[in-house]
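The two complexes that follow have chain A in common; it is paired with chain B in the first and with chain C in the second.
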Partner chain A sequence: MKIKYLLDEEEIPKKWYNVAADMPTPLKPPLNPGTLKPLTAQDMEAIFPKALIQQEMSTERWIDIPEEVREILKLWRPTPLYRAASLEKALKTPAKIYYKYEGVSPAGSHKPNTAIPQAYYNMKEGIERLATETGAGQWGSALSLATCLFGLQCTVYMVRSSFDSKPYRKSAMRVWGAECLSSPSDRTNFGRQIREKMPDTPGSLGIAISEAVEDAASHDNTNYSLGSVLNHVLLHQTIEGQELKKQFDMTEDYPDVMFGCCGGGSNFPGMVFPFIPDKLKDKKDLRMVACEPTACPTLTEGLFAYDYGDTAGMAPVIMMYTLGHDFIPPGIHAGGLRYHGDAPLLSNLVHDGLIEATALQQTEVFEAATLFARTEGIIPAPESAHAIKPAIDEALNCRKTGEEKVIFISLSGHGHFDLSSYDAYNDGKLVDYVYPAELVKQSLAKLPKP
Partner chain B sequence: MKIKYLLDEEEIPKKWYNVAADMPTPLKPPLNPGTLKPLTAQDMEAIFPKALIQQEMSTERWIDIPEEVREILKLWRPTPLYRAASLEKALKTPAKIYYKYEGVSPAGSHKPNTAIPQAYYNMKEGIERLATETGAGQWGSALSLATCLFGLQCTVYMVRSSFDSKPYRKSAMRVWGAECLSSPSDRTNFGRQIREKMPDTPGSLGIAISEAVEDAASHDNTNYSLGSVLNHVLLHQTIEGQELKKQFDMTEDYPDVMFGCCGGGSNFPGMVFPFIPDKLKDKKDLRMVACEPTACPTLTEGLFAYDYGDTAGMAPVIMMYTLGHDFIPPGIHAGGLRYHGDAPLLSNLVHDGLIEATALQQTEVFEAATLFARTEGIIPAPESAHAIKPAIDEALNCRKTGEEKVIFISLSGHGHFDLSSYDAYNDGKLVDYVYPAELVKQSLAKLPKP
Partner chain C sequence: MAAGKGRIGFLVNPIAGMGGPVGLKGTDGLAEEAIAMGARPRAMERARACLDLLSKERDAILFFTASGSMGESCLEECGLDYKVVYSALPVTSSRDTIRTCQAFLDEGVDLILFCGGDGTARDVAGIAGSTPILAIPAGVKMHSGVFAASPQAAADLVIRFLNGELNLRDTEIVDVDEELYRAGILQTKLYALAKTPYLPVLVAERKRIYSSDQEDEFKDQIALFASEFMRDGSAYIIGAGTTTSRIADILGLEKTLLGVDVVKDGRLMITDASEQDLLELLDRETRVMIIISPIGAQGFILGRGNQQLSAEVIRRVGIDKLIIISTPHKLAEIPYLLVDTGDEDLDESLAGKRQVVTGYRIAQMKDTLAASRL
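Here is the complex of A and B:
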C-alpha cells in the first residue's frame, strides 16, 4: 500500500491564500487598546514592518510569496502526507486515516512557515532584532531558526511552566543564536510587576506577549513577532492546506473530517482554510474540527467578543472567542494550547458555523499519542496529539457503523522536546483539569467595552 | 537552485548489497571466544536467529529485502539528499556540498535501517524479547521502535555516561514500550562485577555489549541484537548508499570525497559500500573518509588484529582495527563513537587502502555543527557532526585552490536528544582529549592470541 505522498520542492505554493476574501461575514476591525477605536496602520508601525501590516489588513484572495522565502522553505517543504496504515490496522477500522506531518522542519513544527516570512520582511525593512513570546517553545525555536537564517537577533520570552519543563527547547534556541528568557522576566516593566504580584505564577502566553510587545515598542531597532492569532500568521500557514489539497488529489480520496489542534490558531487554520471554498462554493460535506484542551477551552466555552490579545492590555483589541485576557490556564503539558483567545479569522468561521470545536483531557490525549507512536513510529508533540484522540474515536466509530470515512489528522510537530511530559504520563502523574468556570466568569467580566 | 532530491517510496532498494562479494582480500573468519577456533553457525544460535546468521556468513552479492521490512521502511525512507546551498554560501566555496539526512526516521538516525529487519527475523523465528546495548541511545531508540512495531519486548543496556547525560533518550524508548537500564547494571553477573570493581566507571559499549549478550544467552525466549560492527548490520545499512547513488544520478554530480562518522561502523559503511564497485571496477577517483573522535581513534591509531567484540570476552573474536577490548574511552559527548573496535568489513577495506580515516577533537566538531545548524537549519547529532568538520575543511581548501569539488556528508541523525552537549559547548565546558597512548598500549597487550 502506498503510504507516503510527496511533492517536489517546485510545488511549494507561490501564493498564500487569504480566507478573508471568502468570509461569509466580514471581520470586525481590530481596535487600538488605548482608545478602543479601529486600529490604523500607523498604530502598528511601532512593532510590525509595513509589509506585514499590509497583509494583516488585506482582503485580497491571493498574496505572492517572495522567492527568497520559498528558497528557505525548500529546506523541509513540501511536508509529507501519510496514510496511517499501521494505526488503521491496530484500530481494525474500515476508515482511512491520513496525516500531514509538519515535524520535518528543523524546528520540529509548522511554526517556521510563518517565522521565515516574518523574519524576511523585518530584515528587508532594516530591523535588527525580533522579540517574541513562546508557549511550549515551538514558536520560539522557529523564530530563532528564522532570524539566524536572515542574520537578525532574537529575544524569546518563554512561558515559565514550559521554560522549566522543557530545558532542551532553550538549548535549541541557543544553538540558533537566540536569547531565551523565562517569563515573567525581569527584563520588562510588566514582567517585574507580575513577578512581584504573583511570584509563583506558571506564566501564560498573555503575559509573555505583553513582555515581548513592551520590549519591541521600547527599542527602535526591534520589532515584535507573533506565532499565531494574527491574520498574516494564518495567511502564511495556508501553504500547508494548499499542499494538502494537491496531495489528496494524488490519493484520489477527499477528507470527510479534518482534525487539528488549536491554541491561538495557526496550524489548524493553515491546514483547513484552503478547503473553505470547497465547502462554500462546491458545497462539499466536510467537517473541520479544532481540538483544544479542556483546561483552556476557548472555542468550546469562551465568549465571541472584543478582548485584548495580551494580559497587560497593550496588544490590539480583537473580535474573537475568548476566556478573558487575564485568565491564566493551568500548567498543562500542551503549553502551546494555553492561550486565552483564538485567531479572529478562525473565530469568525466558528461563529458562522463553518468550523467546529471539541475539547479534550490531557490523559486521554497522551494515551492516543502513545498508540500513535507505537504504530506510526512518530512521537507526536502533546499539542498535536489533541488532534489524534478525536480522530481515533471517529475511526473506532466507523468500526461500529462500517463507514469507510476519510479522516485527516494535522500532525503539527514532534514531541522530542516533550519527553518529560510522556514520562509524567507513564508515571501516572498527569492531572486532568476540569474547566475552571468560576475563574473564567471573573475574567470575562473584565472585557473591554468598545 | 534545486536543493532537495527525493525518491518515491517504490525506489527503496529491493536487495541489500553485500560488499563481501567484492572484497580484494577475503575476510578472516570470526573465532569462538572460548576456543579461538573459527566460529560455527551453531555457536551463534544461542543469541541470533538463523536468517541473520546466514546473512552474517554470506558472500552473495545481493540479498533480498523482505516485503514486510520494506513496508515499514516506507515510514521514512527513502531519505532526502540535500544540496547544502546555505553552508556553501557561508563558506564562500566553489565546492558543491551534499548531505543525505537519516534523521528523518522516527528514532532520529539511520539505526532503524537494521533494527527493523533484525526485529523482523527474530519475530519470524518465534523470539519474544531482544536484549541490546546502546551508546548515545540512537541504537537503543531504534531497536525499541522496531520491536514495538513487530510486537516484541526489548531490554536496552545504555552506557552510563549517556544514560545520565541524555535522559530523554530513555523516555523515548519508554514511549515505544522498551525497558532501558544504566550499564553497568545489576541485572547481569558481568554488570554487578564491574560495578563492584569500578563503581565510578562511565561505562562503555564493550561492557554494555557483554551485559546484553549475557542476558540473551541466559534466556531462551531472548536474542541479542547489535547496531553496528557485524556483517549483517552493515549489509542492512547499504540501502542508504544505494539510494544515494540514484540521488546523485538526479544531481548529475558524482562525489569526489565522502565523509561519514564512524564508531563501530554502520552509517558510514552503509553509505559508502555501494560505491566500492565504482572504485574497483570503474576506477573512480573517489575518496571515502571515516571520521572518528581523537578520544577513541580506532582506525587512525588502532592495531589490525583479532580481538574480542566486548569487554568480558563473551562476544566473538573478530579481525578488526582495535584499541583493545578493555580500553574504556573518555566520556565524550559523541557517545555513539566510543567503541574500541571497528567492523571487520570496514577494517578490511581500510587495511587494503580503499577507505581512509581521520580523527577529530570534540570542540572543533561542535563548532562545525553550530555553523551547520545556523545555515542548513538542522541540529546534527554530535556523532554525525564528526563528518561535517572535515567536509568544511575540504570546502575551505577548495576556496584556496578554486577547485569545484563535490563533497558529500553523511548526516546520520539529529541532535534533539543531545542538546545538553551543545549547552556544554556553548558554556565553554567541553574538554578535548589527547589520545591516551599509554592506556591503549596496556589494553593492546591483552589481545587474544589465536
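Here is the complex of A and C:
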C-alpha cells in the first residue's frame, strides 16, 4: 500500500484561492469599533500594510503568490499527504483514512503559511517591526521565524500563563531573534493598567491582542499581525487545500468527509475552502466538519451576530459566530482553540449550511491522540487532535456499516511543545470542561437591552 | 475470615436524621418537635440496610448492643447473633449512647458500628478512645470523617476490617459550630479525634470549607452567572452551603446557610423550607429548578444536609432541572459526585456524567454515582 503522496516543489500553488468570490451569501462588512460604521481601508492603515488590506477586502477568486514567498515556502512545502494505514488496521475499519501533515514546517505547524506572506508584505512597505500576540506559542513562533527570514524585528506578547508553562516556545522565538514578553507587560499603557489592577492575573489572549495593537498603533515603524480569523489569513492558508486536491488526484480517491480543528479559523478553512467549488458547482457529496473544544464551542453553540474581535473592544466588530467577547474560555490544553469568535468567512459558510461543526471533550481528544501516536507515530498537537477523535468515530461507524468511506484528517501540527499536557492526561489530571449552553441561552433570553 | 468471631458493638440512635426532611438543623433535643412536624424515623431503616449485607457473614460476627430500638430490634429482624449489654429507657438520649459505648469497651469490642449523625458521632468518639469506630450515615449533619458513604459501604468496610484488609487512620469528629452559625458563619468545630477503618472513597472525607481568595472569585463568577440565568421566571430551590449562598448575596437576599430557600424573580419566596413546603410549592409553581452544591470533600449533592430535597421533591421537579454548582478547586478534590436520596431507583437515574457549573459560563463534566453502588 502506498503511504506517502508527495508533490514536487514546482507544484506549490502560484495563486491563493479566495472563497469570498464563491460565497452564496456575501459577507457583512466589519464595523469600526468606535463609530460602528463599516470599516474603511484608512481605518486599517495604522496597523496593516496596504497589500494585506486589499486582500482583506478583495472578492477576486485568485490572488497571485509573490515568488519570494513561494521560495521560502519551499523550505517545507508541499507538505505530505499520508494514508493512515496503521490506524485503519488498529480500528479494523473498511474506511480509508488520509491525513495531511503541516507539522513539517520549521515552527511545527501550519502557521508559517500566513506568517511568511504577512512578514513579506510588511517588509515591502518599509515596516521594520511586527507586534503580535500568542496564546499557546504556535503563532508567535511562526511569526518569529518569518520576520527573521525577512530581516524584520518582532515583538511577541505571550499570555502570561503560557509564558510560564511553555518555556521552550519562548526559547524558540528567542533563537529566531524575536523578543517575547509576558503579557500583561510593562511595555504598553493597557498592560500597565492591567498589572496595576490585577497583579496576579494569568493574562488572556484578549489582553495580549490589545497590547500588540497598542504597540503597533503607537509606533510608525511597527505593524500588527494576526494569525487567524481575518480574511487574508484564511486566504494564505488555502495553499494547503490546493495541494491536497492534487494529492487526492494521485490517490484516485475523493474525500467523503474532512475533519479539521478550529479555534479562530486558519488551518481548517485553508484546507477545506478549495473544495467549496466542488460542492457548489459539481454538487459533490462532501462533508466538511470543523472540530472545536466543548469548553469553547463557538460554531456549535454560539450566536451568529456582530461582536468585538477582542476583549477590550478595540478590534473591529465583525459578523461571526460568537460566545460573547466578554467570555474567557477555561484553561484547556488546546490553548490555540480558546477564542470566543470565529473567522467571518468560515462563520458565513457554517451559517449557510455548507460546513458543519462538532465539539469534543479534552479527555477523549487526548485518548484519540494517543492511539494516533501509537499507530502513525506522530504525536499530534492537542489542537490538531480535535480532528482525530471524530475521524476515528467515523471510521468505527464504517466498521459497523461496512462502508468504505474516505475520511480526511487535517493534522495541523506536532505536539512536541505540549508534552506536559500529555503528562497531565496520562496522570489522569485532565478536566472535561463544557459550555453550559442551555443555561447561557436562558440567561440571554431576558437580558436587559442596553 | 480469620479464626474466632469478630466482636462488634452495634448502636442505633433511633431519632437520628428525623429533623432533616422537616427543615431542622439536627434532631438533638427536637425529636418530639420533628415527629409533630411529620418526620419519620429513618435510622432504623438505614441500619437494617447495612445489617442485611452483614447477615451473610453471620457466623463470623458477634454483636453487642443496647436494648430495643437502640440496636436489639434491628439485629433480631436480620437474624444476627447478639448480646444486649445495656438496657435503654424508652425515650433515648445521648446519655444512653455514652453508657452503651462504655459497656462495649468493657466487652473488649474490635469495632463500634453506629448509626446516626454528627451528634451521635460526638458522643461515641468522646468515649471510644483507641477503639475504632465507624458510622452508618443516618443523620442530618454528617461532617465528621467516620461516616461510610452509604449503609451498603459501611457493611463492606466492616467485612474488610474483620478480614484485616484495612488500615486505621485518625479522623476528626466535627459538628457545625452553632454559635457561629447563628452569627451567619458556617464553620465546623473540631470536637474529638477517633480511629476509623479506612479505604479511600468508601469512607466520606471530613467536610472541608475553603476560604481562599481564589475560591471567593470563583464563587462570585458562579453567582453572577446564576443571577443571570435565574431571570427566567422559574422558582429556584437553593440548597445549603457557602457557594449557593453567594447567589443570594449577589441578589441582595438573606439566605439560610444550612437550610433550603426558594427564590423567584429575585425575591425570596420561602426561607428554610421543609419538604412539605417544597411539595406545596410544586403544587403552585409549574416551572421549578433546583440549585445545589456538593458538600465539602465528600462529594454528596443529595442526601447530606439537604434532606428536604427528598426523592419525591426531586422527582416532581424533574432530574433534568437540577443545576449543580461548585468551585473548580472543590470539584477537583472530589473523585465523583454522590447521591443518596434513599430511593435507589432515583439515585440510579441521577447517576452518570453530570454538568457542574464552575465559573461564569463555564462548566465541567463529573461522574455521579449512587452511594449505594459504592
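As a working rule, the second predicted complex is superposed on the first by the 427 of 450 C-alpha atoms of A that agree within 3 Å, B and C clash if a C-alpha of one lies under 4 Å from a C-alpha of the other, contacts with A are read in each partner's own complex, and residues count from 1 in each chain.
Keep this in mind: a residue touches a chain if its C-beta (ideal position, glycine included) is under 8 Å from a C-beta of that chain, and two chains touch if they have at least 3 such contacts.
Quantities reported herein were computed from a predicted structural model and do not represent experimental measurements.
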Of chain B and chain C, the chain that contacts the larger number of chain A residues: B
Partner chain(s) touched by A:F304 [first = chain B, second = chain C, both, neither]: neither
Touching partner for A:I379 - first (chain B), second (chain C), both, neither: first
Chain B versus chain C as contact partner of A:V175, first or second or both or neither: first
Which of chain B and chain C A:V440 touches, first, second, both or neither: second
First, second, both or neither for A:K4, with chain B first and chain C second: first
Chain B versus chain C as contact partner of A:D432, first or second or both or neither: second
Partner chain(s) touched by A:Y254 [first = chain B, second = chain C, both, neither]: neither
Touching partner for A:H416 - first (chain B), second (chain C), both, neither: first
Intersection of chain A interface sets (partners chain B, chain C): none
Sites on chain B touched by chain A in the complex: 1-4, 6, 8-9, 71, 74-76, 82, 86, 104-108, 145, 148-149, 167-168, 171-172, 174-177, 370, 373-379, 416-417, 419-420, 422-423, 426
Chain C to chain A touching residues, read off their complex: 225, 228-229, 231-233, 323, 328, 332, 355, 357-365
Contacting residues of chain A [partner chain C, same complex]: 295, 323-324, 327-330, 361, 431-436, 439-440, 442-443, 445-447
